[in-house]
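Following this line, the structures themselves.
One chain, chain A, appears in both complexes that follow, with chain B as partner in the first and chain C in the second.
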Partner chain A sequence: MNHLPARLTAMTATAAAVALIVTGCSSSSGGGQSTSSKTLVVDNAFDLKTSDPARAFELTGSIVDKAIYETALTFNGSDVTKPVPQLTTYTMSDDEKTITLTLNGKHVFSSGNPVTIDDIVWSYKRVQGIAGNPSFLLSNLSTGKPFAITKTSDTTMTITDTQPNPALPTILPNPSLGVLDSKTLEGHGGTTGKDDGAESYLNATSAGSGPYQLSSYNVSSKVVFKPNPKYVGDKPAYGRVVLQNVKGPSQKIDVQGGSAQLALNLNSQQVNGLASGSIKVVKTPSANVGYLWLNQNAGVSGGLTNQPDFVKGVRHAIDYKAIQTIAGSGSTQPGGIVPSQFLGSLESDENNTTDAAAAKSDLAKYQGRSITLSYPTDAALDGVSFADMAQSVQSDLEGAGVKVKLNGLPIATLLDSFRAGKLQAGLMYWGPDFPDPSDYLTFSPGEGLGLRAGWTKDMAPEVTKAKEAAIAAQGDARAAAYQAWQKAANADGAFVPLVQAAKYAVTNGVSGVTQNAIWTVDLATIE
Partner chain B sequence: MRYVAIRLGLSLLLLVGVTIVTFVLTNLVPGDPVIAALGQRAADDPKIVEAYRAAQGLDQPLVVQYFLYLGHLLQGNLGTSIGTRNPVVQDLGYAFPATAELAVFAIVVAVVVGLVLAVVAALRRNRFSDQLIRAISVVGISVPTFWLAVAAYFLFFFVLHWTPGSGRLSPIYDAPPRVTGLFTVDALLAGQPDVAADAFAHLVLPGSVLAVYTLGLLVRFARSSILDVLNQDYVRAARAKGLSSGRVVVAYLLRGALLPILTIVGLAFGSLLSGAVLTEQVFAWGGIGQYAFRAATSLDLPSIMGVGLVVGVVYITVNFVIDLVYGFVDPRVRVG
Partner chain C sequence: MTALPAVRRRSLRLPVAWRRPAAIGGAVVLLAWIVIALLDPVIGLQGPLQRDVEVALQAPSAAHPFGTDELGRDVLARTLWGVQASLPLAVVLVAGSLVIGSLLGAVAGYLGGVVDEVIMRIADLVFAFPTIILAMVVAAALGPSLANAVVALLIVSWPNYARVMRALVLGARGQEYVVAGRLLGAGPFTSLRRDVLPNVSAPMLVLAMLDFGNQILLLAGLSFLGLGAVPPTPEWGSMVADGVEQFSSWWLATFPGLAIFSVVVAFNLIGDSLRDALDPRIAGAVQGSSL
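Moving on, here comes the complex of A and B:
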């Protein structure tokens, strides 16, 4: 019997060797050859649900739709303050209620059909009619009333809000407002109402005029693009782009190993020391703002979070630098809730500064009392763990004598309770829907986010007054008006802006990667 | 025949139980799936929320939802995924073969390598090789799959360059024309041996990682079972008759130890499917595991129920088959 194990060992070793040889051979023929065959591989942690622009409003969906569809207006690179023409040019009416769009040269869909004003009107009406995730973009945010969309000639159209809306030009570059080939889609169930049935077609065969078109689409694993031969702009550098669903730790290994040329979801710890040789780290301030809310509803506040001196004390107790350290290199503390790269942002505000002595004084009568701080456990602020930030806040407040019970929840559960206004305090973030400070008025008393924190209009008339002044402001006066609104909210408000983390894009052997607050990255500009 | 009918009846009852358990557990999860699906701004608009709830059938009472679900299920309809907006059956039809390919590879590796190691360990009881194999077995059972996957990916892909990157195929290849959904098989059927070799190469590392736990478990149980029969009279008689060592191992030792080994293989399917959730995240595999993770983290209830049902059906089917094989291997089971 003694010779048997030797034989078995030999067989095992042989099998292992064969497996490794096959693996090695295939690896050398398949992996790592992508750049030379003009294939670009991009790693992204998917939140993809659909590639239908009228239904997509997720980060991955924006990357996909930006590559496939053109919009009436767009932004250059990472500058989201100045909309520039794409399919159309634009003019605003003097009362800032109406934007007029005029066709800008000749653009052609991948089907060969020319892009017309009818296509733009149809695409916008479809966004409104479907009542999907992004349909609010074409409605008044306060009243919910849809904008009037009208064709005025074969080359012009208008979009009209019932109230002055200087943000209109900054809304239109959103990839969810990508323009679709209406003639093709109407032949595949496309309508401008709830009966629209073109989503499955759009998830298999795109219908845009952008630089790429869909080659294959799997919502859970990967999306493959091929060039749109009818695209009238500069031809993209890559003949094939693979956007694949990979989590952070594997993204790092992929980009280091060269099997991906771009990784989009690495956090500050993961990029630390990564830049060397062909690997570059592109760092951009994120437009997502992490904030703390303190519920102002007496029934939820526990007699603490609705007290002005308690709120003031919390603002001074927080060690904002420590949170920036957690968020990593390149992170900043916004002065208000509007992120630093947008019009009307505040550089700093004395109400939100660390002052241990002031905090102890403000919180003196709350010593030993306890609050519950909720935070999402399965979501992160640009890779920064909310649990880490919650522990930092806990440590700061306990240093000032207030006990903090941490309450980590799945984000779906947290949002449910937060929306119902049931949570005493917590951490959350807000990502921009469009790059204009008016998007942040929801943080006002009596508005959507304000009400989630139990903050009603009558609780803060000064903030409401400042908000109305900001809405009424026009032209150059808007920036100062929005800054005044944020100062008022910081002085007497339910929200404490904490941090804007940095967003990292790690590249290996490619250039032209520019991060944008609305669509993350434009695949067509990568070389 | 009676034995098969009883096992089949029990399996069907279990299936009904699985539908109830998956439906109830899924709907007990706190949190509103509509709020989870919509953006914060869209969730503030009652019209959008109402339209979404109606479109997903979430405006019906829970009991009505269950019977609608059951009615649709009998017609092979598992509903529409909130996340992907595709029919869940279609999504699972794409995801399941990916995981099946991984699981079959893993189970083959685990069984072949595991049995070889178990035989070696049993025959060399208490020697160094036995101690080493037992240590490997304990490590295999104890190491967390997620950690092992990341470590193995780092070592074999990044450091040693022995294996390709993540995914089921290298980016330069398109998926072969779909017949079975198993890339290795479909590529061969389409006459694309380079794609088949690439698909196999991508299978090796995640499949081996997935196999480690089952392998560890199998070595432990198979070694113990083989030791039980090693000194049985019929084995000694076989040796005394001068049969070759290989014949004694295969026809006497392994045959005698087969029942507990079959039990482990059946149970291992459960751990393979749960292990796939983590392994597929690391290797961006695009199978049931990645689909389940996405569904669970976005409260995509129809998809969660679909995955639960498929896993339940696979588990019940595998164990039904193993019950039948028991009866074949050991007729005393049928009589009992």
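Moving on, here comes the complex of A and C:
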């Protein structure tokens, strides 16, 4: 039993040798792209639902789609203030209602089909037709009316809003507006309506002109990319990219041990003291702004939060530095509600500064009175607990003589009451839909968010005037107009911008990682 | 063993059980926690709410022997103050469920019939759900606060007492002294109060003592799930929950966790000894091992 017959042993050995030679030959013939035989492993805490651009609006989905698809316009690195051409160049009409896109050189899908204007029009109409999460990108935010998308020639097309919309160019770089290979997809159930059936094909094969294409896809464990051989831009440095679903604490172990080259979801405590040797920590302020609201509706305010001197006092009582310390290194205090990396952001505002003496005198009338501060218990601002921030604000206000009752709520419950305008005060955050200050006008009196805080148009005519000026501003005047609007809002308003937490990307032995507010990281630029 | 004279067993019953090291240990730990609860305001530690974000999340040191939490509050101070929430509320919980459960159980057992059916079917209804899940549902419906958590736990805890009490009363009500009392003209409630209750109270006390640890765990569990203590109240369960969020700062969850552990073990040791002391069915075995 222990001894195989000699002849059998010899045969087995020969077979094994032949097999080795054959596989060796095939692998050497297949490994022609010697520069791209390296594998990049990226750790990410998945919120992935689909990689179909018209349906995906999750952080992980954007990382995946950014790698697979090209967009009409894009951003360079982390600068989201200036859209630059990718598949097309653009011009805006004088009335700022229409953007004209013109094909920009030759781009080719992984199938070999060239990218045409028809593909772009088809992809955009598909986003509108499916009416999935990202469909709002291609419709008017206040009226909900879809943009008109028209092919004007074989190389040009237009997108038209019913109202002036200077944000149009900054909307188009979103990976959810990635351009798909319409000819291929139409053969796999793809349409531009609700009857579209191409999602499963897109989750298995992908159909883009970007640097990578899908090699394998598992929504809960990992997504593997291989290079798109037809990609016309610079070839990516890695021949295989594994984006795997790993929770924060394990990401730290992976990147320390070198089994992952990039970890995307470590919090400030976890990155503390991590940078050493080949491990580097890239810090970028997140575009999510944590804010405090004070309800201006007399019926909800309890006679406190709608009083201008109370609001002023609260603005001065808050220890913004302490909140930044809680949020971790690299976090910042935005001057207004527009995050620091966007056009029109405000560096600082004297109304939102810590000044204990001013707070005491502003709040003198309200000593011993009490407000209820609501906050979400099951949602965090880029990993920073709202409960911690709420306790910090509580201790600041109690230091100035105002009692604070904390009211932690599940975010679904909180949003229901907040949207109904029933909460006296609270903490929430706003994540941008697209990187343009016009996305933040909802924080004006009489607008969506403003009304949640009981802030109506007639309460703050100055802010409304500044808002209208900001909408009317064009070109280079926009930044100043949006800053003026935020200054007016800070002098009066219901919202106190508190903090932008930092986002940390931890790398081990790789470079070229720049964080972007829209797609987190571009896997193709990593070297 | 069966040859031991009844008189001798009776005279040794309490002292022997209480002299066991486990009982003494439990009593000492519990006493220490009670002293801490009483002395918290005068010990002069940093206030449990005093925040200093500059020293947030520091490991244990001479200045902060248990380290600091994410807002720079002293974990030692918060752990010691935490007993002020846990101990009194556990007493309220146990006393409350003992009173409610015993009353309902005694009435059900003594009166029988429809009253028994109604009360015990309601108890069965409560038993049909896992304790913590039902408590979560109630606490979530009422909104997070320690008071609501206590209400939720009372709702899920009384049936235990009711069931035991009913069984004891069922056993006692056929006894000759009870029947004799009734024949002498006592009404049902007088009979229950005068003849039955004094004879079934010992096992109920043991049950209550053993339940203390359980109730502290349930209360901490609800707070851990965010349905009990509201920040910034120092409460062990919610402190452990905070610690789980900051996994690399081991001291956040460890010390309040140890506090829960020590109190629960102390109550269980005392409860065990009390049972040994009061339960005639196992008193012989205890006596035999300690002689």
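Here is the rule we go by: the second predicted complex is superposed on the first by the 490 of 527 C-alpha atoms of A that agree within 3 Å, B and C clash if a C-alpha of one lies under 4 Å from a C-alpha of the other, contacts with A are read in each partner's own complex, and residues count from 1 in each chain.
Everything below uses one rule, namely that contacts are C-beta pairs under 8 Å (C-beta built on N, C-alpha and C of every residue); 3 or more make two chains touch, one makes a residue touch a chain.
This one's a predicted model, so the numbers in the text were calculated from it and none came from an experiment.
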Partner chain in contact with A:Pro134 - chain B first, chain C second, else both or neither: first
Which superposed partner A:Ser395 touches (first chain B, second chain C, both, neither): second
Touching partner for A:Asp416 - first (chain B), second (chain C), both, neither: first
Touching partner for A:Gln256 - first (chain B), second (chain C), both, neither: first
First, second, both or neither for A:Thr91, with chain B first and chain C second: neither
More chain A residues in contact - chain B or chain C: B
First, second, both or neither for A:Lys49, with chain B first and chain C second: first
Footprint overlap on chain A, where chain B in one structure and chain C in the other make contact: 249, 378
Residues of chain A defined as touching chain B within the complex: 1, 3-5, 7-9, 11-12, 15, 19-20, 22-27, 29-34, 37, 39, 41, 46-47, 49-50, 55, 57, 131-136, 139, 141, 144, 194, 199-200, 203, 215-216, 218-222, 224, 240, 242, 244-247, 249-250, 253-254, 256-257, 259-260, 378, 410-413, 415-416, 419, 430, 433, 442, 448-449
Residue ranges of chain C touching chain A (in the complex, touch as defined): 49, 51, 53-54, 56-57, 70-71, 144, 226, 230-232, 245-249
Chain C-touching residues of chain A, taken from the complex the two chains share: 249, 269-270, 322, 325-326, 377-378, 385, 387-388, 390-392, 394-395, 406-408
Chain B residues within the chain A interface of the complex: 30-33, 35-45, 47-48, 51-52, 55, 83-86, 91, 94-95, 112-113, 116-117, 119-120, 123-124, 129, 150, 153-154, 157-158, 161-175, 194, 197-198, 200-202, 204-205, 239, 245-246, 248-249, 281-286, 290-291, 294, 297-299
